[in-house]
Structure formats: structure tokens, C-alpha cells
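There are two complexes below, and they share chain A, which is joined by chain B in the first and by chain C in the second.
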Partner chain A sequence: MPLPPTIPFIGITWADALFLLLGGVVLGSATLVVLGRDIIRNGLMLILTLGALAGIYVVLGASIVAGAQVLVYIGAISVLILFAIMLTQSKSASAQLNFQTQALPAALASALIGILLAVALGATQWGSTVYNDTPDPAGTATAAAVLFGPWLLAFEVASVLILAAVIGGIYLAMKPAESEEIEA
Partner chain B sequence: MSGAALVWARLTPAGRILAVLLPVLAVGGALTTALLIVFGGAIAATIGANLPIVRFLAASVITFLITVPTAFLLIYMEMKIIALMNLRIGPDRIGPAGAVMSIVHGLKVLMKEDYTPPSVDVPVFTLAPVVVYLASFMTVMVIPFAPELTSVGLELGLLYFFAIGGLGVVGLMMAGWSSFNKYSLLGGIRAAAQAISYEIPLTLSVVGIVILTGTLSLPKIVAAQSGSLLDWFIFRQPLAAIIFFIAITAEANRTPFDNTEADQEIVAGFATEYSGMRFGFFFFAEYVNVFIVSALFSAVFLGGSNAPLVLPFHPEIIINLGSLGIMLPILAGIAPVIGTLVCAAPIWFASSRIKTWQALVAGFLIFGGLSTAAIGFWAWAMIPALGNLIWFLIKTFSLVFVFVWMRGTLPRARIDQLMGFAWKWLLPASLLNIFATALAVLLTTSGGN
Partner chain C sequence: MIAGHLEPYLVLSSLLFSIGAFGFLARRNAISMLMSIEVMLNAVNLAALAFGAFMPTLAGQGVAFALLIIAVAAAEATVGLAIVIAIYRNRKTPLVDEYDAMRQ
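== the complex of A and B ==
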């Protein structure tokens, strides 16, 4: 007999169950990223969050987005974050928050965002927007046709933004001329 | 003392294990058989109805299991080949020419104390080898051993490969940080810097091939190289092949880019505080990685499972064993004896100084060799997957040999030279390769429109 379309006794489909599981992992690990005291574990939890998010993309049928997510956000950006933490922190340092003086602004900002999110989530008809059946993974051709067709302008704007960010990063990292001469 | 206790006391350790194991196996086997007889139909029906899931599970398990003998083989190759290059003998005590030595290494690692130093970050320290090994094993799943032998023929295989392959460095950083040791931390930071720098030229170097083939699927890239030797991408994309080879050397942390565990500088890098099987996981993952990157190179650039020469004819040997009827078991029993005698006769007649038993042993060996060759030829002719797999493995292990050769020959690069080389030379070269390929494709296809 084939597997039943829904999980026995609970009555939700397997894809929904997987989505719920991955969503739970995303929420739980994201909470730990913010609440944890050990900064390197927070970084690792961020990796877990992004990985579970990639899993959600796969469940929703966007495997190319998932691949890019793992390649870029986990393989490069999170590793760079960990790298920066390892270069600057010491494991024997205190785990206390020494310079935390922004509790009130943070609470205000998060309350504002929370209200915004609640309004936006409540006002949207999710049943009509959610893509119901998983599309057949047709490879890169469909994604490329959409990305370089109707969304070409957005794509180019994003690449210009990233170029600006790269130039800005190089400018910030550039040493002043006199210190360069001293070092040489 | 009763009789049973007396017998038990006289048994050797091996005998005691057998005395327990045999009844357990007998009862277990009987129970399994009974269950299969009662529920066999239902089990077969369930498997048949859920074939994709069962196939995926079986492929995962088989992929996981083949990583272990592959790592053993690579460790033995490395010990023996480097020994020969150093004019040493290398392992020679256990098994023929020391061939079982690496299995003994594996058992030794299993039996060593698995020690967790007191100051480490225990969960991160424990999970790090798991992450490293998982990343290696998950990339094996998309390797196209043959068109018929790909465990998961993902449409986005190449993207998956680079994405999951990049996860291994997270494990190395976890190990380096959680060990609470300056050498480990240096090793982890070096691993991260190296992996990020070399991942960019590695990924960009295959973009030219993606432009040419129009797919990210590894089996399709292999299929695009079918035909003659000149269809291999190493001849159509030589610059990409060079960049790719250098980058995978760095990704697999092999000499001359093994700065992450440079033993003269930082003890053993990220693995300094590890012992026992957890160290073994790092060790295993490293050799599995060498196999994986060699397999990827041979799939993407060396034609994968395609033969370098296509025979103008394909031999078809159709043997209908069933038509022999009752003669089949008789022939199967008699043929080896007759074959051995026939092969032994010329040796026996050749010289009177050869003793009869020597001639018989020689005849048996000759007959065994001949029949193995005949069965092998028949299998190669009748099962295309076997021929494809053999070509793939020949290419992959030739590359593994090159990696071992490099380790036996080249000195280690300095870490700043390594980083500078990746950013200043490999990255521009891979961009140049992309633009040149795209331009060539545009020029050759625009005429048709």
C-alpha cells in the first residue's frame, strides 16, 4: 500500500508537516540567535536558521533559490560572520553585555515592527496568495526566463546596489596613504 | 561445576563470541524468515508502491557505506605511493603488500580513548566532526558514477555540490573555535579564509561549461561530453580546467594548500584537540573529499563515464545458460577441473624438473586468470553500467594519484601567497574565461538567427 496522503491520526499532509517542522526550526533557532549569550553559538544558530529556510524553499518548490541560499548565505556570509567573530572575540572573555545601553529604543522599535507585521499579516488573504501545488522542478530554464525577462530591471538594480556596496567596502577598508608608507 | 560451565570455561574468546552469536543468528534468521513468509507480500507491495522513497533511502545508505572503503583505499594509496616516491617500502606487514593497513588504522582510531578536554565548548566540539563528515557524504550523492549509477540525479547537481561542499568549512571553524586552543583557532581561521577565497574561482570556473551545455545537472554535463576524446571539456575549456584543479586542491586542503593543518606550523590545526574516532571523522572526511573532488573533476572535465575511444563495433555475447538444462551444474562442476588440467598439461610436459603439484598450481592460476578475464569481458560487453563505472573510476583514481603525487613532491605555499594567488590571479582568470566563452557562444550562434 502506498503511504497515505496525510499523516495518520493528525490529518495534515506530509508537505505541511515538513513545512511546520522547518518553520519551527527557523523560529526556534532565530530566537536563540537573539537570546543566546555565547556569540559563536549565536552565529551557528544563524546558520541553522538559514539552512532551515533553504529547506522551506525546497518544500515550496524553489530549489534554485534554496541552492543559492545555502551557497551564498551559509557558505559565504555566515562563514564570514564566524570568521569576524573568531578574529575579534576571545572565548575567555566575559559573556556579559558590557555596552548595552539601548534597551528602551530597541523595545520601542521591536514593538513598532511587531504592530506593523501583525497588521500586514492580518490584512492579507493568505489562502489566495499561497502557491498551492509544488511545481515540477524544470531546472534553470524557467527561472532564467523569468529573471531575465519581466524582472530584468530589478535584477540590474540589485547588481548596481551590490556594486556600490563593494566599492564602499573597499573604500572603508583602504588604508590611509601615510600609514601605508610607514608599513612599507 | 556443571557441564555447560566447564565447556564455557574452556572456550577461547572467539569461541565464546561464536557460541553466543550462532544461536542468536539462528533464532533471528528463523524469525525473519517466518515474518517474511507471513508478511512478505505486504512488504513487497509497500515497497513497490513507495518506490521513489525506497530508492532514495537505499541510495543514501549505499552512498554512506561506500565512503568508508573509499577512504580506506585512498589512505592505503597515499601511504604506499608516497613511500615508493620516498624510496621507502611503506606498509608491508598486514595483508598482501600491506593492503589491510588502513583498515587497521581505522580500527585503531576506533579503539583509542575519545577524550573531551575540560575547557572545550562541548556541544560544538562534539558536533563539528559530524558536520564535516556530513558535508562530505552529502556531496557523494550527486556524483554521476555512470548514467545508470547516479544516486540522486538532481537537476541542480552542480549548484548543490558547491553549496553542500561549502558547509564542510563550517564544521572546521566549529572545531577550531570550540577547542579553546590557539593552534586550533588558527587552523579554523585559515580554513575559513582559504575556503571562501577559493570557492569563488571554483564556482566561476565551471560557468563556462554551464554556458556551453545549458544545464547544471551533472549527468547531462557528462552526456554532453560523449563522443570522441576532443569532446571532453578539458580540451574545450583548458583555462577553466586549470583554475578548477587549483581551486579543488585548495578546497580539499591538499598540499600545496594544506595550511589549515600544517603540522610544522600549527600542530594539526583545527584537529589538534581531537582524539579517537572524532579525529577519525576529520581524517576520513579529508580522504573522502579528495575522492569527491577528483570525481567531480573527472565528471566535469574528463568526460566522466564516457570512454575515451568509442569502439567501431560493440561486441554482443548472448549466452543462454538455461538452454544447457541439466548439463549446466555438471559443466559448472567439471569445467574448472578440465580447464586446470588443460592449462597444467603444457607446463608439466615442458620440463621434467617441474613437479606435478607445481604444474597443477600454475595451471589453476592460469585457468583462473583466463576465466576471470572472460567473465569480465562478457560483463563489460553485456552490462554497459559496468564499463561506464570502470572508466569513471580509472579517471577518478588517476586524479587521486596526481593529488598523492603532489603531496609527495610539492612544498607548502605560504598563507599570504595562497590568498593573494586566489584573488589576484585565479579570480580574474575565471572571469576572463566566462567572458571569452560567452563571446564565443554569441559569435557562433548569432549567425543562425
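== the complex of A and C ==
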């Protein structure tokens, strides 16, 4: 049985409901990431933010990026952040002040940035396509033709960058040698 | 009617970016600041993908851009967290306002 075009009794389309739900989850959990007191919960809320964003990428028709988001961000970066939290956690951390003394100016500045960007981006005539439902999926083949065509050099540079980051991460995480420890 | 327009995605992206900017400016913990950077990078990703999906001349470009940003974010998180752990080993605190060796 096909679904009705709009949600019964509410009258908004399924795509809109999905966008509003995922967008609400993204904004709410991102707010908890920056405002929450317990840093482990901030890390878990970051995972929720990234997962809901992967859902929005699917709504946008970019399923390959949603897959990369789940693999790289949720699978690798979030786990790395949680490990780093566990390695640097001290018992008194949650009782200490979480925010800098400049928290209020920072809130004003970032609210200004957000409002300015939202108004400017929302009011510009972009000449963009308007779809009835969600955007048509561009397809992974189109994206691959772009990534391995005009963007090939950037792709190769990114792989060199990741190699450098891996070597740098290993070097920084190594225990310092005895001679360096005496100097320090 | 909302999900088929470009502007809602851009507004969501800018709100997410401002949340991340606030976290980066206001938090004391270095790892919280790195998490806020991840939030900001994701906001940029969302804007790039929205442009790629809605502008006919940019078809496919948004996906390529977003994949490269994800790769750079992975490298940044690796090095950033390694630096935080290395500093923590010396100073025994993850709070950035206590890293004041060059001020004294």
C-alpha cells in the first residue's frame, strides 16, 4: 500500500517532517554538546549530532557522504574523542567551571554570526532549483566523475595529508625519549 | 515544501556553525574546543552538500567537497587530540586557560 503524500491529520509532507525532525535533533544535540557540564555526555551528544546530520545528507540525496559520515565521524573521530576524554579526565573536572570568563561576549558574538549568516543566506536569490519533494539524488557516479576528474589533485593531496597526520599523531603520542625528558 | 528548497538547509547550517563557534570561544576544556570544531566543520559540509544538490551547475561538486572536508577533519582530529594528550602529559590539566607557561 503506498503511503499518502502527506502525514495524515497534520498535512505536512513526509520529507518536510523528516527534515524538521532531523534538523531539530541536530540543533538540540549540538547545543547540548557545547553547553553540557559532563564532557563524556558532550561526546555522546556529538555522536547524536553527527548521526542526525547523516540523515540530513540522505535527505539531500548524498548517500555516499552519509556513509562516509557514519564510518569516519561516528566510527573513528567520535571514538578517538571519547578515548581522549578518558585519558585526560580528572576527578575534579566536572566540578570545575566549564566556561571561560569571556563566555558572555562569545555568546553574543556567535549569536550575531548565526543571525547574520542565516538572514544573509536565507534572503539571497541563489537561482537554485526548487523540488516538490526532496532534491533528486545526484548519484554517486556524478560525484565520482567530479572527484576523480577536476578534483584529482586535491584527492591525492588529501591522502598525503592523512599520511602526514598519521605519522605526526604517532610521533606526538610516543613517550618522550630519556634524553628529551632530562631536558624538559 | 521545506525540504525541496535550498534556504532551510543554509539556515540550519549557519545556526549549527554559530553553535560550534560559541563552543569554541567559550569552553575551557581543550577537547570540548575540538568537539566544537567538528560541529563547525559539519555545518560547512551541510552547506556544501546543499549547494551541490540544489545548484544545477554544481552537481557532484558538493559531494566531492564534503568528502575532502571529512578527510581533512579526520587528520585534524588525529593531530589535535595527540597534541592535547601530549600537553596533558606535561601539565596534568586539559583546561586551556591553565596553559600559561609563555605568559609568566
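The definition used in the following text is that the second predicted complex is superposed on the first by the 114 of 184 C-alpha atoms of A that agree within 3 Å, B and C clash if a C-alpha of one lies under 4 Å from a C-alpha of the other, contacts with A are read in each partner's own complex, and residues count from 1 in each chain.
Going forward, contacts are C-beta pairs under 8 Å (C-beta built on N, C-alpha and C of every residue); 3 or more make two chains touch, one makes a residue touch a chain.
This is a predicted model, so every value here is computed, not measured.
S.K.: Using the touch criterion from the header, give the chain among chain B and chain C with more contacted residues in chain A.
M.R.: After superposition, C is the partner touching more of chain A.
S.K.: Name the contact category of A:Ile64: first (chain B only), second (chain C only), both, or neither.
M.R.: So A:Ile64 meets both chain B and chain C here.
S.K.: Looking at the overlay, what does A:Val166 touch: chain B (first), chain C (second), both, or neither?
M.R.: second
S.K.: Under the stated touch criterion, which partner chain does A:Phe155 make contact with: chain B (first), chain C (second), both, or neither?
M.R.: It touches chain C, and chain B stays clear.
S.K.: Looking at the overlay, does A:Val34 come into contact with chain B only (first), chain C only (second), both, or neither?
M.R.: second
S.K.: In the overlaid three-chain picture, which partner chain does A:Leu87 touch, first (chain B) or second (chain C), both, or neither?
M.R.: Both: A:Leu87 reaches chain B and chain C.
S.K.: Going by the contact rule set out at the top, does A:Gln125 touch chain B (first), chain C (second), both, or neither?
M.R.: It touches nothing on chain B or chain C.
S.K.: Is A:Ala76 contacted by the first partner chain B, the second partner chain C, both or neither?
M.R.: In the superposition, A:Ala76 touches chain B and chain C alike.
S.K.: Shared contact residues on chain A for chain B and chain C?
M.R.: In chain A, residues 64, 68, 76, 80, 83, 87, 138, 140 are touched by chain B and also by chain C.
S.K.: Hey, which residues of chain B end up touching chain A in the complex?
M.R.: Residues in contact with chain A: 42, 45-46, 49-50, 53, 121, 124, 155-156, 159-160, 162-164, 166-167, 169-170, 173-174, 176-178, 180, 185, 188-189, 192-193, 195-196, 199, 203, 214-217.
S.K.: Can you name the residues of chain C that touch chain A in the complex?
M.R.: Those in contact with chain A are residues 1-23, 25-32, 34-36, 38-39, 42, 45-46, 49-50, 52-56, 59-64, 66-68, 70-79, 81-86, 88, 90, 92-95, 97.
S.K.: Which residues of chain A touch chain B in their complex?
M.R.: 1-3, 38, 40-41, 44, 47, 63-64, 67-68, 70-71, 74-76, 78-80, 82-83, 86-87, 91-92, 137-141
S.K.: Show which residues of chain A lie in contact with chain C when the two form their complex.
M.R.: Those residues of chain A that touch chain C are 13, 15-16, 18-20, 23, 26-27, 30-31, 33-34, 39, 42-43, 46, 49-50, 53, 56-57, 59-62, 64-65, 68-69, 72-73, 76-77, 80-81, 83-85, 87-88, 90, 93, 96-100, 102-103, 106-107, 109-111, 113-115, 117-118, 121-122, 126-135, 138, 140, 142-143, 145-147, 151, 154-155, 158-159, 161-162, 164-166, 168-169, 172-173, 184.
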